[in-house]
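Two complexes, one shared chain (chain A), two partners (chain B, chain C).
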Partner chain A sequence: MLELALGIILGGCAIGAGLAMIAGIGPGIGEGNAVAKACEAIGRQPESKGDVTSTMITGCIIAETTGLYGLVIAILLIFVAPRQFVNILMETIGK
Partner chain B sequence: MRKIDPVVRKETGFIATFLLAGSMLIQGVCIVVGWWSLPVLLGNLLGAVTAVGNFFLMGLMIQRAVLQDKKKATNTVRLSQGGRLLMQGLILVLAAALPRVFNIYTTAIPLLLPRIGVMLRNKFGPADPVPVVTATADEEDED
Partner chain C sequence: MNTKSRRFLAVDILLLVGAILPLVACMVLKVLFTPASEGITITGALVYFTIPTPVQPLPITEAQVNSWAVMLTILCLCLYLTHGIAVRPGTKRQLAAEWVVEKCKNMVHNNMGDYFAGFAPFIAAIMTLSGLSSLLSLLGLFPPTSDMNVVAGWAILVFSLITYYKFKAGPIKYLKSFAEPVPFLAPMNIISEAATPVSMAFRHYGNILSGSIISVLIAAALGGLSNLVLGWLPGILGEFPFLRIGIPAVLSLYFDIFSGCLQAFIFATLTMMYVSGGFPQEDYEKRKARREARKREKLLAKTAQAEKA
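Coming up: the complex of A and B.
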C-alpha cells in the first residue's frame, strides 16, 4: 500500500510538471509573431526603430515570464514537492 | 563584434537596478524572518545574474531580429526563447541539485522579478512621449 501511495505521489508530480511545461510553448509562438509584426512596422517607418525595439523588449519580457512561471513550477514539482509530500505521508502513517 | 543598441543597454540597466533592489529586499526579509544563510545569498546571486543575462540576451536577439525579414525573425525568436528557457531550467536544476550551495527559492524568485519591474514602471513610471502624427500634405489637400 505504501508503494502505491509513493507511486501516486511521484507520478502525480511528474504529470503535473509535464502539464506545467505546456506554458513554455505559448511565449515562443507569441514572441515570434510580435517580432514579425515589429519587422513590418520598422519596414514601414524605419525612424521608429528605437521605440519599436523598446516596446518589443518590454512586451517580450512580460510574455516570457509566463513560460518561466511554468518552468519554475515544474522544477519545484520534480525536485522539491515529492520530498515534502512523502514526509507528509510518512507523518500521516506514523500517526 | 556587433554594436549594442542603446535601447538594449538602457533597458538592461533598468532591469539590473530593479533586480539589485529586489535582491536586497529578499535578503532583508530573510534576515528579519531568520531564514538567512549562505545558500540563500548564493542562490539569490545566481538567480539575479541569470535574470539579467537572460534579459540582455533577449535584447540582443530582438536587436538582431527586427532587422531580418519576417519569417527569419520569427524563427530566430523561437529558437532564442527555447534556448534561454533551457538555460534557466538548467540553472534551476543546478540550484535544486545542490541544496547546500544554492537555495532553490531564492534562485527562482529573481527570475520572475523583471516582469514585476516592467509592470511597476508601466504603472508608476514616467509616461513616454507619444509620437505626434501630423497630417501629410496630401491629406491636408483632401480636406
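Coming up: the complex of A and C.
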C-alpha cells in the first residue's frame, strides 16, 4: 500500500508540473505578437528603432510573468513538493 | 615620486586582491562543504552553519555568503576604478568609471525624469549586484539570484520605495488611488499592488534557476550519452565523459551570461518604471505648493504680530 501511495504522490507531482508548464503557451504567443509588431514598426520607421526596442522589451517582460509563475510552480512541484507530501504521508501513517 | 608611485601600485594590487579574494574564499568554502556524491544532483543552496536565535535557528546559506562576497568584490572594484581620480582624466580606468557613471545617469534620466535624478547610484548598484551575482555561476558557484530569498529581499526593498514615493502626495491620496476607477474594484487593486514584488522576485529567480537546472540536466544527459557512445574505450577512457567537454559551454553562453545580464537590466528597468510610474507628480507638486503657501502665511502672520508688538 505504501508503495502505491508514494507512486501516486510522485506521479501526481510530475503530471502537475507538466500541466503547469502549459502556462508557457500564452506568453509565447503574446511575445511573438509583440516582437512581430515591433519588427513592423521598425520596418516602417527605422529611425525609431531604439525606442521601439526598449518598449518592446519592457512589454515582453511583463507578458512573460504569467509563464514564469507556471515555471516556478513546476519547479516547486518537482523539487520541493514530493518531499513535503511524503513527510505528510509518513506523519499520517505514524499516527 | 618613486615612493608615491610605489605606494599607488601597492594599493592597486591590494584592491585587486580584495576584489578576487572573496570569490576564491567562496569557492574554497564550497569545496569544503559539498558532500561527496555520485553523479549530478540538483540541490538548493548549501547550509554552511546555523546561528541559534531565540525565535528560530538562523541558517547561513551559500546564497548569503556568496552575495556578501559579491558585494565586497563590487566595493573593491569601485575603489580600484576611482583610485587616483583627478580633474583631468589621466588613467584609462578613470575614463571607464566616468563612462559607466555617465551611461547610468543618462539611463535614469531618460526613464525616470528630472525628479528622480538621484536614483542613478541605486539603480547602478542594483544592476551590478544582480548581474555579478548571476555571473557567479561561471565560476561554478551558486548564484545568489537563484535563491528566492535574496531576490525577494530586493523586491521588498523596491516595493517599499514604490510605496514611499506614492505616499509623497499624502496618505489620503494614496488610499484613494486604490478606489480607482470605481471603489468596487479596490480588492483587485490591492492584489495587483501586492503582485508587484512577487512578480519581480519570481521573474528574476525563475529565470536564473531554470537556466541552471537546464544546464545541469544537459550536462547529465551528455554524460550518459558519452557513456553510451564511447563506453567501449578501454579503462579510464571509457569512463571519462568526453562529450561533456565544451558543449555545455555553448549553452552557458545563453543561460549564464546573456540571461544573467538581461535579468539584471530588466530588474533595474522595472524598478525605474514602477517607482517613477507610481509617483503622482501633479498631486505632489500641488501639495507642496499648498504647504509652502500655508507656511508663508504663517510666517507673514508671525512677522505682523511681531511688528504690532
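Just so it is clear, the second predicted complex is superposed on the first by the 95 of 95 C-alpha atoms of A that agree within 3 Å, B and C clash if a C-alpha of one lies under 4 Å from a C-alpha of the other, contacts with A are read in each partner's own complex, and residues count from 1 in each chain.
Definition applied: a contact is a pair of C-beta atoms (placed from the backbone, for glycine too) under 8 Å apart; a residue touches a chain by one contact, two chains touch by 3 or more.
Since we're looking at a predicted model, the values are computed, not measured.
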Partners on chain A (chain B, chain C) - clash or fit: clash
Partner chain in contact with A:C13 - chain B first, chain C second, else both or neither: neither
First (chain B), second (chain C), both or neither touched by A:T58: both
Touched partner set for A:Y69, first chain B, second chain C, both or neither: both
Touched partner set for A:E31, first chain B, second chain C, both or neither: first
If touched residues of chain A are counted for chain B and for chain C, the larger one: B
Partner chain in contact with A:E40 - chain B first, chain C second, else both or neither: first
Partner chain(s) touched by A:F79 [first = chain B, second = chain C, both, neither]: both
Clash-bearing segment of chain C, relative to chain B, as chosen among 4-12, 22-30, 94-102 or 148-156: 148-156
Shared chain A surface residues [contacts with chain B and with chain C]: 57-58, 61, 64-65, 68-69, 71-72, 75, 79
In the complex, chain B residues that touch chain A: 5-8, 11, 15, 55, 58-59, 62-63, 65-71, 73-78, 81-82, 84-85, 88-89, 92-93, 96-97, 104, 108, 111-112, 114-115, 118-119, 122, 128, 131
Parts of chain C lying in touch with chain A, wherever the complex brings them together: 42, 44, 199, 202-203, 205-207, 209-210, 213, 266, 269-270, 273
In the complex with chain B, residue positions of chain A that touch it: 24, 27-29, 31-33, 35-36, 38-40, 42, 48-54, 56-58, 60-62, 64-65, 67-69, 71-72, 75-76, 78-80
In the complex with chain C, residue positions of chain A that touch it: 57-58, 61, 64-65, 68-69, 71-72, 75, 79
